[in-house]
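Each of the next two complexes has subunit A plus one other chain: subunit B in the first, subunit C in the second.
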Partner chain A sequence: MKLALKLAFKNLWGAGTRTVLNVLVLSFSFVIIILLNSIMDGWDQQAQKDSIVWEFGEGHLLHKQYDPLDSFTILDGHGPIPKNQLGITPILVYQATIYPQGRMKGIVLKGIDSNQTILELPIEKVKTSEAKFPVIIGKRLAESAKLNKGDEVQIRWRDKNGTYDANTLTIVDVFDSNVPNIDNGQIWMDIKTLWKMTDLNQEASFFVADKNYKAEALPLWRFKSQEALLKQLKDLINQKKTGQAIIYLLLMAIALLAVFDTQILSIFRRQKEIGTYIALGMTRSRVVRLFTIEGSMYSILALIVGSIYGIPFFMYLAQVGFAVPPADQKMGIAIAEVIFPIYGIKLVLSTILLVVISATIVSYLPARKIAKLNPVLALKGKQQ
Partner chain B sequence: MAEKPIISIEKVIKNYPVGGKEFRALKDITLSINKGEFAGIVGPSGSGKTTLLNIIGSLDVPTQGEAHVLDKNIAELSHNEAAKLRNYNIGFIFQVFNLLPVYTVFENVEFALLLQKNTVEQRRKAVYDALEWVGLQDHANKRPDKLSGGESQRVAIARAMVKRPKILLADEPTANLDSENAHGILKTMKMLNKELQTTFLFSTHDEKVMGYLDRTIHLRDGALEKDIIENKTTSV
Partner chain C sequence: MKKILFVLLFCAYFSNDLSAQQSSKEALEIIKKVDKNMFSETQIITSEMIVYGKRKSRTIRSKGYSKGQQNNLTEYLSPEREKGTKMLKLDNRLWIYSPATDRTIQLSGHLLRQSVMGSDLSYEDMMEERKLSDLYNTKIVREEIYQGRPSWIMELTAFVDDLAYDKRILWVDKNRFVPLKENLYAKSGILLKTTLFMNIKQIDGRWYPTRLNYKDVLKDGKGTDFVILDIKFNPAISDEYFSKSILRK
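For the complex of A and B:
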């Protein structure tokens, strides 16, 4: 093994440019795989944190008929607040239509206690307003409906009996959150105001649980834990990760193809050398091993070269973060404007293993041929 | 001296498949070579010299008949046993030198020893001894592409001899050398033959080589034509 390493290194060193190229391409694979995945991991962690403080709390207690992903369930998915249940903040969801600049736009009204502290939502701002219907909205709705702080907007809704009602909302604040789920198409107000508007006094569609919440069997409600809520988020991010994998798997395929190609070529061109090794008393399997190690050595060198330019780059990125392009901000998952990548041991080790093992395999496949080589013909340099 | 021959070939036939037919490159060859001989297989191109040498060197096997080298039946050796036989006991010298280009002279010579169990110091000493035999001590750190043809073949001799093999097989070692260099390496090999008792077997059609040989085994069209030992002709 030591001999093979030494020989492999000498042979690679002697091969010059070709080695440099293979090593560079392979090192790009290393760096890109770690880069993309570390950004995704950073995003994942940031999204989890943001989602907990802006949306999930310690979990959601949902009305059995209310499904946040299905707006048709809003109409019936609410019920009276259960008595004696600790640690829950009620949220009532209601559909309405607003008319910003005369255009019609369907939205969801969400009422929440203006004294709540479980979510980061700055709903307390409505308390100090003189307006009749003070509300807050997120930056995304503000942008899409062209509404600003201080604006007024017409709203129409049906009360619980189906009778249309209309009034004017005053936007007292536009909040900036990384979580689009609590922003897109939503208007937040004090739940008491919403109760009055809809005549659904003391009712809620779901609750945000806090640390004081203790699970109790309630016939009308079902609890979705924080982990369950986060899992959806994780699944979405994992889906994205899989999509990204195509990019670096393609890059890696190119790098591995280059190694494979070099191996084929070197076995073709180095027939005499192979014959000489055998004549000098090397067993064929040892020559196979030598050529295999030579190929996997590319990945080791790539690891070294990749570290030389990758580590400073990664450290820089960990400082300044990765700016997310505006287009990506419109996705349905929580995403910050700047993501700070996370370099996990697991990520780094599995990347190293992936590249080294696959480089070894593509080196071994062509090298296997040596075991069947006729040394006499190899010494003559005849292609077999 | 009734010592057993170091190489003994009995009724060896070697066929090569050529265009669906069998081409017979060696036709019923029987001969034996004793320890310490300085012999050569001579004959025109295509007469089967290399084929016979490769069988003796365990790089190839006879189609029929038996080849015993150092009491081992070549045809019965596994890949690994054959490799071991070559590594310890058989040295090769080729017409085209076949030095390993990325290694230095020292490393080329050291190579066979790396496959054996030797300490660094043992290897170093053995390599410098071998380089001294061929007069190249001062070239140890050169790369093969910086050497002349004569120097390259000397390195090849050092590489083959460093492990002090029992048998040295030299396939047309002078074909790529000028007359002066050819005589040089032949003298060196003759000296090693005397000093180390190594059995030398050449393949050649070079008159210069024949002048040094104690024995010439003549092949023609794959058959043994005559075997001349120190001017005593043995008819076949």
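For the complex of A and C:
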């Protein structure tokens, strides 16, 4: 084995530029696989963390007629707050229309207790305002409706009987969250103010649960755990990961094709050498192993070269993060302006194994031909 | 002396109350006459809706059939894109049929609050055809000359819970018993919409506005004009016009 490794290394060294090119292409694939996967893992972890602290808490207790994904259910999807329930923060959802700069824009009003601590929403800011209808909005709505902190905007809504009411909202804060679900087209206010506006006193559309909440069956409500709420996000990220895998598998295929090509060329051009090895007493399988090791050595060298330029690059990226283009941030999914990649041990080891095993397989496939060579003809250098 | 003062105060209060009652009764009579003028048991209207946009305006022509206060069918005649679209209202339900997709959808909930073809009118506004005298307490606020016509300015306050507008101010022509202008208010007292009634003509013995302008005052723009090209009061209309099967015909 030691001899095989020594011979393989010498042969690769002797191949010069061909080896350099193969190693570079393979190392590039190795670095790209780790880079893309680490960014996706970073996004996954950040999106889950943000969704929990801004939107999901430990889960949602939803009114049976309320579906957050169906705006048709807002009108009837609310009910009286159940008694003797600990660890839940009520949220009432209501539809309204605002008129920023004389334009009409449909929005969703969300009322939450201004003393709540379960979500990171800076709703406590409405408490210190002297305005009649103090509200907070997210940066996305602020941008689309061209509203800023301190602005006033006309709002029109209907009370529970369907009678129009109108007044002026004062924006006391514009918050910056990575979770668009709590921002796009939504205005947050104290739930008591919303109860007064709508005559739906002590009613809620859903609750955000904290760690003290113990799920129990309630006639009007259904509980959706944090895991169930995060499923949609996880599915989406997994789908994105699959899409990205196509890119790096293509890159990997190009690199492996180069190794495969080199192996075929080696076996074709080095028939005298193969014949000599067999004449000197090497078994055919040992010669096959020698050529296979030679091929898989490309992957080992690629890992070393990849590490030389990859590790500093990954360390730099872990510090500054990967900036997400503004267009991607408007996709409607939880995504930060900067994603910090996560390099898990599982990711690095699985990538190393993928590169080494696939390089070994593509080296072995052409080397199998050696087993069929006639050593005499090979020694004479005759093509077979 | 005290007794005389008490009697005088009592008489003053009683006469005020009596005059308020008379004014209210008179106001109700006026509104009933307005209702009588504006409503008929059946109606067929050919009209144009002109929606003013920022850059250009759109004209949508339609033919409407109505029976009582609950049943209404509107068929859009032009432009080509809207031609054949039908809107059927039966009681509190509304269906829209689109020939392009050959599908009928029922509108409910917040969809009823959406604008009709980009106009300042919502589907709910179009559906509301109940008589004012059945819904509002009325009083005469003052009299004035409006657009050259002697008019009453009347304040209507809802006594029914489920109305879209809590208060209306109505300018009523004193001689023709036809509205000239209407302001619609929110519960908070903020003015929401204004309707102007223009080109008032005598048709089949009643005075009727043939051009209306609806304006959502919270929104920029010129509002939406509704021009009546032809109107027939109390024609015979078959019941099949007010069934869902008419939508696909």
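The rule is simple: the second predicted complex is superposed on the first by the 384 of 384 C-alpha atoms of A that agree within 3 Å, B and C clash if a C-alpha of one lies under 4 Å from a C-alpha of the other, contacts with A are read in each partner's own complex, and residues count from 1 in each chain.
Definition applied: contacts are C-beta pairs under 8 Å (C-beta built on N, C-alpha and C of every residue); 3 or more make two chains touch, one makes a residue touch a chain.
Because the structure is predicted, anything quoted here is derived from the model rather than measured.
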Combined model on subunit A where subunit B meets subunit C, clash or fit: fit
Vertex subunit A; arms to subunit B and subunit C (CA centroids, nearest 10 degrees): 150
Subunit B versus subunit C as contact partner of A:159, first or second or both or neither: second
Which superposed partner A:72 touches (first subunit B, second subunit C, both, neither): second
Partner chain(s) touched by A:95 [first = subunit B, second = subunit C, both, neither]: second
Partner chain(s) touched by A:280 [first = subunit B, second = subunit C, both, neither]: first
Which of subunit B and subunit C A:103 touches, first, second, both or neither: second
First (subunit B), second (subunit C), both or neither touched by A:365: neither
Smallest separation in angstrom, by C-alpha atoms, between subunit B and subunit C in the superposition: 72
Complex contacts: residues of subunit C adjacent to subunit A: 108-111, 113, 115, 158, 161-166, 184, 186-188, 190, 192, 216, 218-221
Subunit A residues touching subunit B - in the complex, by the definition given at the top: 3, 10-11, 13-14, 272-273, 275-276, 278-286, 374-376, 379
Residues of subunit B defined as touching subunit A within the complex: 54, 57, 59-60, 79-80, 83-88, 92, 94, 96, 98, 100-103, 107, 111-112, 114-115, 159
In the complex with subunit C, residue positions of subunit A that touch it: 71-72, 74-76, 95, 97, 99, 101-104, 106, 154, 156, 158-159, 161-167
